[in-house]
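Given below, in the form of structure tokens, are the structures.
Two complexes, one shared chain (subunit A), two partners (subunit B, subunit C).
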Partner chain A sequence: MRRLYSSLVDGRGFDLCLIGIPLAFLIVLSGIPLIYNVVMSFQAVDMFSLGSFIRPWVGFENYRQLIAQPEFWPIMGHTATFLAASIAGQFLLGFALALFFWTNFPGASWLRGLFLVSWVMPGLVVGAVWNWLLSGDFGVFNFVLRELHVISGNVFWRSDPNFALWSVIIANIWLGTSFNMILLSVGLSSIPADLYEAAELDGAGALTRFWTITLPMMRSTIGALISLGLIFTLQQFDLFAAITSGGPNNASNVAQYWAWDLSFKQYDFAKGAAISVIMIAVVMVASVYYVRSTRHEVRG
Partner chain B sequence: MKTSAILGAVLYAGAAALGTAAHAADPVTITIWCQDDERQPGLNLAKEFGEKNPDIKVVYRQIHFDDVTSEAMRAYSTGQAPDIIAIDNPEHALFASHGVFLDLTDRIAKSEVIHKEDYFPGPLASVTWDGKLYGVPKATNTIALYYNADMFKAKGLDPDKPPQTWDELVDAARKLNDPASNVYGIAFSAKASEEGTFQFLPWAQMTGGGYDKINTDGAVRALTIWKTLLDDKLASPDTLTRGQWDSTGTFNSGNAAMVISGPWELNRMSQEAKFDWRVTLMPVPEAGAPRSSAMGDFNWAIFKSSKHPDEAFKALEYFVSQDPRVFPDWGQLAARANVEIPPTGDARKDAAVKVFMEQLKYAQPRGPHPEWMKISKAIQDAIQSALTGQASPKDALDQAAATIKGILG
Partner chain C sequence: MSETFRNRLLLLVALLLAAVYLFPLYWMYITALKTGSEMFRAPPSFWPDDPQWSIFPFVFQLKGMGRFLWNSVVIASGSVALIAVLGTGAAYVLARYRNVWIDVGLFLVLMLQVLPASLMITPIFVLFTLTGILDFPRTAVILAIAAKSMPFFIVLVRATFMSVPMELEEAALVDGNSRAGAFWSIVLPLARNGILVAAILIFMQAFGEFVYSKSLIQEIELQPSSVGLNAFMGPNTNEWNRIMAFASIYVTPILATFVLLQRRIVSGLTSGALK
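Moving on to the complex of A and B:
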């Protein structure tokens, strides 16, 4: 008894507790729903069997039907475009801003803080604002572009199949840029200043310093940021709901919105689950990469 | 979304429970789920029913529109369904066909308050499944054509002779269209949601089509007209992504000369629209063609799992007995022809309500079919692919008809 107690207070038992509590937490709050979701994607589910776990097993039928739908590949394509463009845009703009604020002009630190306003706003609010900015007939965006003589007639950002996806991407880049900037700023400030001094003494120019010092030193931050970006972007749902609802004609529909639409608009829970399983597979890859790049960080 | 539903939960028990503590040891509890807030009938009637019946404790939970069906499904499958629910009419058949709702046929036949024959045929059909009644219509609405009479006069059209046929409608839209002053000829909604189906289906029905025969020549003509309205910029391209409420907003602000929408706009329009607005019946394919219109709004139903079906039915009887109040007090239309609509003192609104009451006679339910949402999705896809030019109206509707055939089996 005493041995058990002492082990619990200061020993192997204590270590096990430390691991066990978060592990139990993870299993209950993430593991079970995840498994439930995967199992559901292989079953025939209707709204009245939602509460039970044992349902008719249909194997890959849900996946087969899903892939056979004419909108499957276009939607996957949009998801890839949305991911690539959002992450690239957020990262490049975020990096540019981080470098800009890194020069530390007076007021830089609180201006940088102000940039975070976009990140703390709820997605639906951001969506509503962009909805208004991008509106076709009376949108602010169109007004500005017209005044600058970039366009002659109004562009129907939300309703033109060529622009609908891009209007959500623009809003999403705006939403995520400041988060990228903050993480990159942290990465930048952890690079020792003497490296630059030494390089400068050796006659390295600004560009050379950037390529040979800044980028290599930031590798783990950038890796983590891009995998986080992938995860956040795949979770981006609010903007679609608020700006285009996936339309017109699925032109701006992406996997995450489609999964919701199938489950909660058409009550086809099994197919909704099947899409989310496909998405989980993608996020898993990103997570592995994320864990690997942050592990490097801890060691260094 | 889930949290909003939980946060929205409102309890109305206090007053009723206190008054009866003395003689009723164990009051019957009736749970009611409905999306109505304090400006709408559901919550007020539930509260009144509780106050009038001290032996019945009424628990009211307000549920956001988007969550009603999924919350109800989840609750039913885990054995926690309420006694009474207000459900959107196209979803009624899904529950009725699965035997989730209580069959009220006999109770209604015996009732002194609820009379089957009082109801408009559309709402009544929506609560009917397999010849039995599984609910009572809560209220109803439909769509008609609003128009700006001042603009009619300015463009040389007679405001007392609004368009009656589809050709006249397109013609009027063309004459009223005035891009230079930011005015579109007409506004409507072709959104990829239930709203798009709601607006398009009546056009198909007027030509003898319907959800089970959506690719008739008449329906193709209807979709071709919609496409003309968009291609010729007689309606805003945002029609594709904008719901009815926002589309009507552009009419109220004078940026559209006509709009197709329902009576739920009346209160806002009489406050916002600073011009002579009027309402006329939905234009028909050609003079003399049958009329049709969409039918919206909610139904009351009792879950089969209810432990107190008698008390729950008594509550429905009370709600129905208050039908004459739903327009004067809350601006909604009762689903019955024999409910008097008193004048509101706003001449435009009173004239409009008369047109809507006339239009309601032709309103048809969507379905009823247990897989309505999938049928509706096929129709929405057809509308959207034709209007964005991905497919011709004929091909788009053929595709929808094939999909729907698969669903109907």
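Moving on to the complex of A and C:
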């Protein structure tokens, strides 16, 4: 007993205790649900069997039914559009802003940090504000576009099936641009200045310097950021709940919202689990790339 | 072009960019202050004719926001407390040693960080129903958030522990401190700032959390503000000034905290996510 106590305070036991308890917590509350999710996707789950562990085994039936649903492929397409457009928009706008703030004038770092408010705000608030900005008749976004002569009539962002997904994409780009900008700024500031001086002496123009120094030096940052963007974008749920609820008629529905909708609106937990398994596999692939590209930094 | 002129010009452009980027926030506050008819005027007014300051206490009363905010605070504080107590130790061990097992642990932590809440909620809901945790809905949400956000906390705090020199700890051990004693009185105080910043970031996240709260809490008395705001926005609502007032009351404490601690939060965040 005494030896156990002294190990806990002053030996191996101390480290094992510090790491063991959190790891056990994570395994119980993340690992087990993760595995149980896979198990559940092979079972028949209804409201009656929800409260019992033992349920009939149906093999790949849930997956088969899920893919046979007419909305499956459109929703997968929306998910791909949502991912590609959000990541491209966030990254390009973030990069442009980071390059601008890199010119380093007094107040640059403070102002740059201020942009990050879009990222720390609750997603529901961001969604509510954009829902109102994108309102068809009275939205200020339409007003600005009309004044700039981009559009002639009002666009009904949230209720027009052609634009509903884009209303969420616009809000998501706004939300994520600042985060991209901050991380890209960190990458930019770590490029040694003498590289540019040497290039300038050799007569390289601004554009050449960007292509031959900035982009290659930023490769690992950009790689990490794109995979991080993929991970964050696949986590985006609040904006869908606050702006379109996946409507109209699934026009803005994506996989991560559909999974929740199947489970908690249609009470089809088995199909909800099946689509979750598919999407979690996608996230895992992205995160392996993220972990690999940040491994050097993480190891310190 | 002199240096000062260039700096002034760049600052002006930067201010303009910030104004455009933060316009949605401005519009939230301005809409809250408008009357019902001014809100729907075309062309829209960019400054309220007659600011309706009374809308804030009115909406606060009408929607019972005290309860919603209290629940948000309970959920956020509970999550932060649990995450800080468990996560700090894990971050310390992961920072102090370097071997295969630590790499495996780090890899697991990083992988758990990326699981989307809206996909994990299905098995969590079913498991919480089976085990009866769902009878305590706010505790259930705290547990779910803790599992979701702890990896992020560990990654951030680990970066802080890496910067604490190991010699200080070794000196304390030579002086006769136990491992626990050295950790408690030397390492923790030195890492205090980093832990605090990470805790604030986690608090902000948990304060705005939506998916778990929406799915696990049925009783309206126990729901946090995010769920309250979602319920307020019906599909064909026209109460936008009231909704924006709700959103303003909800988000202003977060914005104030962020602006005050901006420098520390930004540097803490960047050290964890990439470096």
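Here is the rule we use: the second predicted complex is superposed on the first by the 265 of 300 C-alpha atoms of A that agree within 3 Å, B and C clash if a C-alpha of one lies under 4 Å from a C-alpha of the other, contacts with A are read in each partner's own complex, and residues count from 1 in each chain.
The rule is simple: a contact is a pair of C-beta atoms (placed from the backbone, for glycine too) under 8 Å apart; a residue touches a chain by one contact, two chains touch by 3 or more.
Nothing here was measured: the structure is a model prediction, and the numbers come from that model.
A.B. asks: With subunit A superposed, do subunit B and subunit C clash or fit?
C.D. replies: After superposition on subunit A, which the two structures share, subunit B runs into subunit C.
A.B. asks: What is the contact status of A:G203 with respect to subunit B (first) and subunit C (second): first, second, both, or neither?
C.D. replies: neither
A.B. asks: Quick one: is A:V125 in contact with subunit B, with subunit C, with both, or with neither? Answer first, second, both or neither.
C.D. replies: second
A.B. asks: What is the contact status of A:G11 with respect to subunit B (first) and subunit C (second): first, second, both, or neither?
C.D. replies: The second partner, subunit C, only.
A.B. asks: Can A:Q266 be said to touch subunit B (first), subunit C (second), both, or neither?
C.D. replies: So A:Q266 only meets subunit B here.
A.B. asks: Going by the contact rule set out at the top, does A:A251 touch subunit B (first), subunit C (second), both, or neither?
C.D. replies: First partner only, subunit B.
A.B. asks: For the three-chain arrangement built by superposition, which of subunit B and subunit C touches the greater number of subunit A residues?
C.D. replies: The partner that reaches more residues of subunit A in the superposed model: C.
A.B. asks: In the superposed arrangement, does A:L50 touch subunit B (first), subunit C (second), both or neither?
C.D. replies: both
A.B. asks: Tell me the contact category for A:P216 with respect to subunit B and subunit C: first, second, both or neither.
C.D. replies: neither
A.B. asks: Which partner does A:G59 contact after superposing on A: first (subunit B), second (subunit C), both, neither?
C.D. replies: In the superposition, A:G59 touches no partner, neither subunit B nor subunit C.
A.B. asks: Among the options 3-11, 21-29, 147-155 or 273-281, identify the stretch of subunit B whose C-alpha atoms clash with subunit C after superposing on A.
C.D. replies: The answer is stretch 3-11.
A.B. asks: Residue overlap on subunit A between the subunit B contact set and the subunit C contact set?
C.D. replies: 50-52, 135, 137-138, 245, 264
A.B. asks: Which residues of subunit B touch subunit A in the complex?
C.D. replies: It comes out as residues 66, 69-70, 73-74, 76-79, 94, 98, 100, 182, 191-193, 236-242, 250, 255, 373-374, 377, 381, 384-385, 387-388, 390.
A.B. asks: Within the complex, which stretch of subunit C touches subunit A?
C.D. replies: On the subunit C side, the touching residues are 6-7, 10-11, 13-15, 17-18, 21-22, 24-25, 27-28, 31, 39-40, 42-44, 86-87, 89-90, 92-98, 103, 105-127, 129-130, 143-144, 146-148, 150-151, 154-155, 159, 162, 178-181, 183, 201, 204, 207-211, 214-215, 225-226, 229-230, 233, 235, 240, 243-244, 247, 250-251, 254-255, 258-259, 262-263, 265-266, 269-270, 273-275.
A.B. asks: Provide the residue numbers of subunit A that touch subunit C in the complex, in ascending order.
C.D. replies: 8-11, 14-15, 17-19, 21-23, 25-26, 29-34, 36-37, 40, 45, 50-53, 97, 100-101, 103, 105-111, 113-118, 120-126, 128-133, 135, 137-138, 140, 143, 174, 177-178, 182-183, 186-187, 221, 224-225, 228, 231, 234-235, 237-238, 241-242, 245, 256-257, 259-260, 263-264, 269, 272-273, 275-276, 279-280, 283-284, 286-288, 290-291, 294, 297-300
A.B. asks: Taking the complex as given, what residues does subunit A use to touch subunit B?
C.D. replies: Interface residues on the subunit A side: 47-52, 135-138, 156, 158-161, 164, 244-251, 264-268.
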